[in-house]
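Which chain is which? They are A, B, C and D, in the order written, and residues in each are numbered from 1.
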């Protein structure tokens, strides 16, 4: 934390700040500038900069941003590579996850799995527990859904990723899924993150609707600090004033995260835009911006989907996009 | 849902939309205007307006906003009045909740309870489980903290409100607390909300950092729809681009909510502003705007607080504010 | 500007930053902390912190916030008091500006002026040039409108405030108006601000839709730095994700601005909320939060208004509110 | 405009709404649904939906979004192609504009022009009048700057684009520039837009910091409706809560605008990100997303730039990026 004193702050003001820093068991480093005096207070433990803003003579207080460690590129310089069922994310590889928003019934998930496998996809997505804004909306098939997607995936040699919503559901996911997804609304469900840090499967951690990149990396730190190093970050749009799209996809988060962290970052343009016809341009843009993978919603019959059909690709659309991505990736130096 | 056709859309376009509506088991109501054709599709079940946006000839699609029922003022015209330990929220009453951010140790919580009681407060707040952005920050005393606040509260005839973070903690709160608080990060933790709908204690439901008022009311609907009618909504600031304050307190949410719902709405200006010297003006403003209560952070020694000391009032400051509120409330027709 | 070096940054990294600072003709002040080295570069001229972020070993760079001088409370400790036609803003006084959104015709503005005067209002508002999102909307009566409001105001001993949209219109406002308003969309129209700094009439400077408080004060600095000290800041809502209201009224801007600056700050709850029935609670809240005045839209027949009728008060509603404000102001230590 | 009546609204409520619509000289179209009655009021003139929200029995009111006409793809189905000095924007062509943020002196702009021409660039950018947040920052060279960039451009056969800040400056730009840029802060300076609608040079219209796509297209409509059809839209980032980048570049605006309008849309990733090392990934992403051009800041010596050096590319960096874009464009079906 750094305290910038006001131009003209008295010696008494400065001494008062120093004394306060020392009362917090920190060492104060004073630097007397031409127009401002700057006082640094560095150390490991927490200190709340706002406490200083209220002291006399203080112009502003700057917090050195919260220190994730394990997720930082300082801690580990090389990209983390995560491989699931032969599909690679990070370290120059672009991986693909595709499938329906929701597991609806045996026939639907079977058909989706068959289609995905036929296009070369190795990891299928599908929700069994659905976070829904309204208590009166379809809430997912639960364990039955997980069984259905597991069976379909096994038949076509696919891995399964699905969203876990609370601690009590973890055993089910240990049994039926290969990767666990944490949804945007749960990004700061710290108790859930702590439990996920103890399991042995990769976690896809979606960015919260109003989470800064720093908060997102701190959420990942919860998982790594408990022992699970396999976290894939997933950008899925932030909430802004713009209403033309469901969310505002923040693609610049890709190079920002790649600089700060060694973890792979993928993009979900289906939720990020909310409209099927925006998924292709945003998928291409994501790969061009340097992402390590994509998570796409595809449905065998989008117009009949129980949830989010409007943002689901038709199978043939997905196939066309998949081919374009294969051409694009090498142009930006990636393997896909 | 209402589909507005583009000026000049063909009859075929219109028929196509009607057919699609009917395939969803809805009745289409067509209204041929001067410049636009409008097609309504009303009914109880979900329908995703975005599916229509992609059809030819469609200008825009409008969703009739999601229908909370039990929280609505249509469903219940009179204000819900919630009373805890003699303190009233709603129906013309302004209630007060005050206490430290976090339960730190026996001496601190005891002293806080003594002070609160001496000022006339009837409900004390204090966190035992703390949602912290960093895994390396103090995470609260847990059950030990709940025991301490209960003991202190009993000594001074206070009721206790504290934040529950996950389903597994509910039994502890049933034992030690009189009201349960759901934090902003958990406002859409739907599994938690469902469980809280089954208990017999009032819930303080904080607004999510980027939650619209409609989403907030839908979250309350989760609790009411399971059988627990005692929900107090708590505005605590939303995330915007402004950095001068921790959050932007949306005080206009008060009259908006009062019009839409019968539930009491209180304000937490401590989290909403993040700075002690902004708490008094925002508390007065909240009451003037018509809120049904306040939740304030007060600490016996704010400069030593383990968490959020900068936004905690000094006991004497709180006492002064409390007196001013007593004068202000009747001016705007409220009992405090 | 303060450069925080990464934990483990090399001596060469540090020297490189120092050399770069010196190449900008600044003095570098190095403070070697336990875990981080901090380098300060203070001085008057501009320096762009982002240039340093790209240097090796740099963790983050912090800009000491841009320095408005003349608007600052450091520069002038006492509140600026602005008086127009006997109505006072600042230094403990709450002033009132009221009138229709737009000057529509002679009869309307005459009747509005008569009503305002009958309630005790001393300053009437009314737009002659209207900033409209669509080129096909009514754009105001122009000079004819200014003549009409001047004549009506003179008849009832009122002062006139109206919005100036571009430099070429200034002479008209010098002739017909007593105060000039700069709209939210023009808050950073720096050429206009510079010209307004040369005139002798008070300026009401509305906050931009996405302007931080710091940018707003810098815009006021443009006017003061050219010689015009009579600026009244006007909070009118910021743009956020919330759609229940037209804008989000940021009432905490009141205590924030009062601490940073000596200039009066008033609130426009009509534009800030966009709905007539939210104007009363937000007006009361603004005064309770410590504002120095209000600007309200009142129309003799709101349902016939050419513009913004939905946010205009009925005359009788305004009269009721005016009386309530008279009771409330002394409770928070203000004269109204 | 569409009025949705509440479930259970009385016949009297419905009649009242109809009467009010008719008082505005509109025809009301009533559609009686199962659970809601919907009343449409279509027509050309303005009607403010909020006036209806305050009537009894009204659930919500929906405005059919404001109708730009000339910029719409309905009005003109084929892409508008704008060509300046042989550089094409739109209709499958990706154009390039590059150069320094600000014209600093003869040597700098000469050298920038020489470099740009050597890489194949045909349009140079450079600011003569600079919108600066602080009145104490460098405000640009003014007319002298325009003379310098014109001379340098002529020497190397380049066209010139520069930012016009107010009506009084237009004659200078008519004399020295080939394209005029409207900055983000002036996007809704409607008087300026109207004057620009009368000139014969293409306009680059930057998106406002908090402008919706709809407002942006309405601003373009101001220019087209006055007779100037050559408008290039420029996405340059919107203001959000994220602070890791200067702005949040909204790349999904590209496919959204391409669907709604025939006008070319280009991207300015220099302002959009604010950091040099984010310019390359965001440029590649923009082209992959389907943009019609790029506007990039390049400086012969970025570390000495008077303004925005941190977001300016080094000449060699620009050259590398330019080559990559040449490879990428055909992959997404564009000519560059």
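In the analysis below, contacts are C-beta pairs under 8 Å (C-beta built on N, C-alpha and C of every residue); 3 or more make two chains touch, one makes a residue touch a chain.
Quantities reported herein were computed from a predicted structural model and do not represent experimental measurements.
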item: Far-end chain from chain B, centres as C-alpha averages; value: D
item: Chain pair with more C-beta contacts, B-D versus A-D; value: A-D
item: Averaged-CA centre spacing for the pair chain D and chain C, given as whole angstrom; value: 26
item: Cα-centroid distance, chain B relative to chain D, in whole angstrom; value: 38
item: CA centroid of chain A to CA centroid of chain D, Å; value: 30
item: Two or more partner chains touched - positions in chain B; value: 210, 239-241, 243, 277
item: Residues of chain B touching chain C in the complex; value: 210, 212-214, 238, 240-245, 248-256, 259, 272-273, 277-278, 281-282, 284-290, 324, 327-328, 331-332
item: Chain B contact footprint on chain A (complex, rising order); value: 20, 23, 46, 48-51, 53-54, 66-68, 129, 131-138, 165-168, 185-186, 188-192, 194, 209-210, 215, 218, 221-222, 225-226, 239, 246, 274-277, 302-303, 307-311
item: Of chain B, residues touching chain D in the complex; value: 2, 4, 6-8, 27, 29-36, 38, 40, 42-44, 59-60, 62, 64-65, 74, 239-241, 243
